[in-house]
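In what follows, structures are represented as structure tokens.
Here come two complexes built around subunit A, the first alongside subunit B, the second alongside subunit C.
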Partner chain A sequence: MSAPASSAWRVETRTRAATGFSVFAVLLVAIAFAAPFFVSRSLLQDLFLILTMLVLAQNWNLLAGYAGLVSVGQQAFVGFGAYAMFACVSLGGLDPILAVLIAGVAAAMLSVATGFFVFRLQGAYFAIGTWVVAEVVRLVLAQWRALGGGTGTSLPNAAIRDMAAVQWIAEAFSVRSAQAADILTYWLALILCCATIGFIYWLLRTRQGLGLSAVRDNQEAARSVGVDARRIKWAVYVSVAFVTGMAGALIYVQKARISPDAAFSVVDWTAYVIFIVVIGGIGTLEGPIIGVIVFFLLQKTLADYGSWYLLVLGLIGIAIMLFAPRGLWGLFSDRTGIQFFPVRRILKGGPSTDHQGTRGGPHG
Partner chain B sequence: MIWVDTIVQGVLLGGLYALFAAGLSLVFGVMRLVNLAHGDLIVLGAFLILVIVSALGLNPFLAALVALPVMFCLGWGLQFVVLNRTLGDDILPPLLVTFGLSIVIQNALLEGFSADSRRISVGGLEAASVSLGPIAVGVMPLLTFLSAVAVIIALNALFYRTALGRAFRATSDDPVTAGLMGVDPKRLFATATGIAMIVVTIAALYLGTRSNFDPTIGPARLIYAFEAVIIGGLGSFWGTLAGGVIIGVAQTMGAAINPEWQILSGHVAFLLVLLFRPRGLFPRAND
Partner chain C sequence: MQPVLDISAVNKRFGALTVADAVTFSLAPGEALGIIGPNGAGKSTLFNLITGNLQVDGGRIVFDGTDVTNAPPMQRCLMGIGRTFQIPQPFVKLTVFENLLVAGTFGSRKLEAEVAARCGDILIQTGLIGRANVPAGQLSLLERKRLELARALATNPKVLLLDEIAGGLTEGECAALVGTIRDIHASGISIIWIEHVLHALNSVVERLLVLDFGKVIGMGRPNDIMASKAVREIYLGLDV
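On to the complex of A and B.
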């Protein structure tokens, strides 16, 4: 009964749409890198916001959509990263870019410490547990007088001006140092964003990624075939904290002003992020990209209506979760079968395949 | 002596937190649903009572009585139309839908009532106090605590002495078999949320009369309620009361040392319990 060599089983993830998309993606990233040459400063700041929100969204998506760890406390790592960066720059006199890296490490260390608490809770209780942890971190940092206590503080102007490469950019573009700093933070956000998406895409295509999806779909079954669910969840929790902390630090290099209430805002760093992922499509790499575009368009449209904006965003989020739980990208992908970041394993070849020559389930 | 006073005030404050938590505990016990909008529903209740007080000129206690059926119907409808659709093996839909609901309620209240701080006046009762031996105790905190005890007793009686409570427990254990015995889980869940909203209204009455409130304070109340439930142990109403008291005492003790530490010490007490007794002090449920 052995199949002839020409029709042996093969596992593939490549699809034609994805090959086309990768060419498009390379072009898009190249254009994005060149953006400071031809877009205005305010548009560049908007793009910075989009990129950093996308980083936060991709990380939350990895955590909730793939590892099944629904956290509403990611603001802990945004705020802690931001405060670590402020401490390095204001108190330690370090370069902000180096401080962003240190902030990531600090956030990862915080996640190891807090993980011992929150991993004792399951499911929905994990969610509120992470929120409590974020509140505790906020209240503790609000006691830190050297960084302004409850009212907050600003980065010294000189720290931004003397940042490595700012002078160089200022001369190359013949702009003032404040604008040069915007260009630099934009480039850093772009690098962080590409690295995040690249890392998650790579992760999902490895054995560990397959184990992760297996744990999400059925933890008991995954464990019975030898997947170490606990270790995978810990690894995801800590690496997400690392990137989230760097993103938080970078956001606050650009804002240059920090306060505990803003840095640990559940609305800014968790509610928006959750809505972006849910609206775009949870559990896909494409979803957060779609979601962040929708989020930004809504924000621009409803900017003058105050709290109506969040109200509408919340209602859309609820409607999507109830009627299209796989989000806008899920609706599109289910109808067309298109995937830009193919992580589904497709079984090809072998005897008695169907007319398309494929096998394998939708989440394989 | 001052420490005894601090502890007594903390116990009474714990009554308020137990009231916040009892509704959460009930809904979780029956359908394993954690409602992230619970705190915002309490704030919504407080605004409803405020509107009734100012529109009809009623005493706040009577106004709460008027609000009870309204809130029951709201809870019933919310569960029947929206939340029942989210129940299942996947934990994402209920969490994300109730989180969205929390944001929607907050912003709808902001739009309707602005961000101003409000308070429901109970006509001088706020300042009244009685002396228990050497300690003076506020009438409102005492009423709050007694109401919390009454609510816990009533919920226990409902759960363990009535046909409805038997249906709640049966459905909680095994919805399919309970369905075969003639229980309609969807209607039962709606009733449970309706009853939880009655507790929410009582909590809202004391929230609104004892301190200032504004549309954004809901999430903090949710966190206190959640901490009380976890400290007490899932599924135990008396445990929830004990959990509330522990949070309350930790907060007043923290505040006595340094006013800035009030909230923080409540959270720290919760984390310590989580570290040493992860299933709470009086665990009953097995999950």
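On to the complex of A and C.
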């Protein structure tokens, strides 16, 4: 038994790749903010789609990849957030931007209410439960006559035109208000995306994030070392609903037209999102970023092939699950050891000189 | 002196199978108690009842003067019950050090920075320091068992429950393990140790409890217990 030399220990999380990446990331975000100055309107709409899908994917990844809550009913929060925004704007006359925030709160409240039901279910039953909840919410909102019932409705043109900052952007870029609204929603999507990734990265580096990773790996053992697994899962479930609701609302500010079938589409808001996370690499922050790019490229290439498109997506998803269960990012990261968002706590220093991790270590 | 752990008339059934039948005993502060008994006697189940991973059907569990019969595992850990699992349950994607860090920061409600050094010290004490930054999923079975011990220690327990951590070790490794457990015991931690490797067990514990079909069929000093008829019958054929 060696004498402890407590003061000599150090814990590090930073890696050189990550430091390099953070410089690159800041540049990338700066360019992305400036994009409306030099890209076409249709490209801006594509980027909006990528950013909002990435927000949904990062949230599903946090939910399923970290908290182990495999939900197939996140469209409940997309749709509920979208409808909450429509209600605030069309019926309440609020500014759409403010309505997006309220939509997040509404979705979080829905998650608290439905959480008591789905949290009683385990594994596959949890997944089915979340889907059932989404269907019920869709059926209920389809009865809402004031918002078009089953056929849906559109946002009033004036609401978009009078949206905060739209006139200002229209003048600054000398474009019409519809295009100015696209620029504004794009910027909001960019902010939401950066905030989401920043929040999740921050969370994973905190004590609670460590607890969350332990729950993901082994809930029973986590409970036995003092982790409140239930509270952590609830917190993740509700915050994911909050952000998912805001993303849903923002998507429908941009679309400006809603119907229950579209807003609660399990294919658009859950199946695609799961595909993005799985091909990119579940349980990593990098995975969904890679995934959303691959997804978008596939969508562009296969757009003309109709239903073949879904089939090809499905086949690719299955192939990756079979041959690269940790996704494309996992494939890359396993080979190179590179991580752009390092969360590992690496122990250094101490009385022993060699603990790089290949030696068996002394016994006893 | 008030016992640190007091088990009274604890019952547990799995369907028709009784795995704890009016189990009653107490553990004095600083005591080391061994539990022996054939496979399937209900030893591991008894640990799960003490830690709250399983609920009792009847009876009472008092820890440090507080009734914890219905407390969740998390709360019992915070109060000072640390445990190992017979089948190791590591956090596979976390490193060995991070496994301890979780236990340290949550098990004693402190910041990561406050417990990191102690976790490092425990890694040295348990011989895992060479594997500190390796994902726990890459450990061998023996290393996983050592990790169970290290992680339980990191929660800063008053009572440490050890479930068959000496099986499969070479003689030298076993002696080293006994040394480690003696040190832990000497630092004032009470221990309950389930073990089939009797010579290792008997060189540490002050009392032995014999469990068979969920019933306590003997309790006393190791020498007296090993000489008793009941134990000889049960262990006939087992390596004594």
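In the analysis below, the second predicted complex is superposed on the first by the 343 of 364 C-alpha atoms of A that agree within 3 Å, B and C clash if a C-alpha of one lies under 4 Å from a C-alpha of the other, contacts with A are read in each partner's own complex, and residues count from 1 in each chain.
The rule is short, and it goes like this: contacts are C-beta pairs under 8 Å (C-beta built on N, C-alpha and C of every residue); 3 or more make two chains touch, one makes a residue touch a chain.
Please read all numbers here as calculations on a predicted model, not as lab measurements.
> Check whether A:Ala124 is in contact with subunit B, with subunit C, with both or with neither, and answer first, second, both or neither.
In the superposition, A:Ala124 touches subunit B alone.
> Looking at the overlay, does A:Ser307 come into contact with subunit B only (first), subunit C only (second), both, or neither?
first
> Once chain A of both complexes is superposed, is A:Asp261 in touch with subunit B (first), subunit C (second), both, or neither?
Neither partner.
> First (subunit B), second (subunit C), both or neither: which does A:Arg345 touch?
second
> Of the partners subunit B and subunit C, which touch A:Asp228 in the superposed model: first, second, both, neither?
It touches subunit C, and subunit B stays clear.
> Going by the contact rule set out at the top, does A:Gly211 touch subunit B (first), subunit C (second), both, or neither?
second
> Looking at the overlay, what does A:Glu171 touch: subunit B (first), subunit C (second), both, or neither?
neither
> Flag every residue of subunit A that touches subunit B in the complex, lowest number first.
Subunit A residues touching subunit B: 64, 68, 70, 72, 116-117, 120-125, 127-129, 131-133, 135-136, 139-140, 142-143, 266-267, 271, 274-275, 278, 282, 306-308, 310-311, 313-315, 317-318, 321-322, 325.
> Across the complex, what residues on subunit B touch subunit A?
33-34, 36, 82, 85-86, 91-97, 99-101, 103-104, 106-108, 110-111, 219, 222-223, 226-227, 230, 260, 263-264, 267-268, 270-271, 274-275, 278, 287
> Please output the residues of subunit A touching subunit C within their complex, sorted ascending.
1-2, 4, 6-7, 9, 11, 207, 210-211, 213-214, 216-218, 220-229, 283, 344-347, 349-352, 354-364
> Considering the complex alone, what residue numbers of subunit C touch subunit A?
51, 53, 72-74, 77-78, 83, 85, 89-95, 97-99, 101-103, 105-109, 111-113, 116-121, 123-134, 151-152, 154-155, 172-173, 175-177, 179-180, 183
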